[in-house]
């Protein structure tokens, strides 16, 4: 078994889901590892990760809308408000979704289901540069 | 260190928690790996994974009821409705729970706590055949 | 590649976030593994794990308050009440957050972002002794 690591930098364009499947799969394919385990780790607490259906873009719109209803951007609810009304809700949305994903690699490719895509979930309104750490171990 | 992979196919019987601890533990025991890390990955976006108390079956009923209250099956809330009123709620419930679990293996067995069981969480009303990818690395 | 495991026992002091970054990082540093993957696994279903901002303590207060609003400690909502009014809500809060975290190790250190801390999230009101299994694989 061997391993490899890589930093994937992604510029988001505001609140919502940004698909990164292609970038992640391309790096995995370059490593020449047939069977293994990929970890994607998000180095931020106001953006996170999720695996969602990649067929109908409405799924992404509905998911974002659900989180906006569930975690109100209402400063009267929070003490931590100095970084803006969307910052504490971003931390909560991060806790409810995933900071890391582990995905088996089989036949040199991610063993994702047919309709699964990997998404960086931006929780802030403004564009941000986000860093994902990719770790692959296998042989 | 060596590794092994396996596909576990599970037929669910409608919305709710389906315990898979026995099937997962049996496959781990067959691999002859004393110390390692098991990953369970769910290849679907309308079913997911969770670790819950396995002592009182009421816990499973209460958990299912909580998610039904939190994520309404009300088509007026969603754009993505063509696959049925339970499909978009299923994707949201998937985002709130786990698509993958990583569990240490120690002494050849899953290092679960006394009351922990591994559950496949079906979010659709109808029975489905679900595929879990098991990955074990260790020595 | 080699691997190591360790049990980290933590006494919590009631509901809320308890930072364990220092204890986890210290164990990782002792293993002499430059590049690898750390898994933290919580052996309980009424406490869980999360990575959150470690700069402003108000974030922890707001996160706890959000979960208290979202998952009511109201026995009329649950069947599973015999272990106290905070037990079933604890299981639900566990399902919504993380039972395990996987964090890449780079240069012998956890590849956490600048503001990320690892927290044990206690969901019961009383103090508990909690067991975290640490697994590190790398080389």
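Letters A, B and C mark the chains as written, and numbering starts fresh at 1 in each.
By our rule, contacts are C-beta pairs under 8 Å (C-beta built on N, C-alpha and C of every residue); 3 or more make two chains touch, one makes a residue touch a chain.
From a predicted model like this one, the values you see are computed outputs, not experimental measurements.
Of all residue numbers used where subunit A meets subunit B, under half belong to both copies. The two sides are thus made of different residues. The copies subunit B and subunit C differ by a rotation of 120 degrees on their C-alpha atoms, rounded to the nearest 5.
Each chain gets a centre from the mean of its Cα atoms; for subunit A and subunit B, those two points are 20 Å apart. Across the assembly, subunit C contributes 1, 70, 96, 98, 102, 137 as residues in contact with two or more other chains. On the side of subunit B, the complex with subunit C involves touching residues 1, 35-37, 50-53, 56, 58-59, 61-63, 65-66, 70, 96-98, 101-104, 106, 111-116, 137-139.
Residue ranges on subunit B touching subunit A, taken from their complex, read 1-3, 5, 39, 41-46, 70-71, 77-80, 82, 88, 91-92, 94-96, 98-100, 102, 131, 133, 135, 137.
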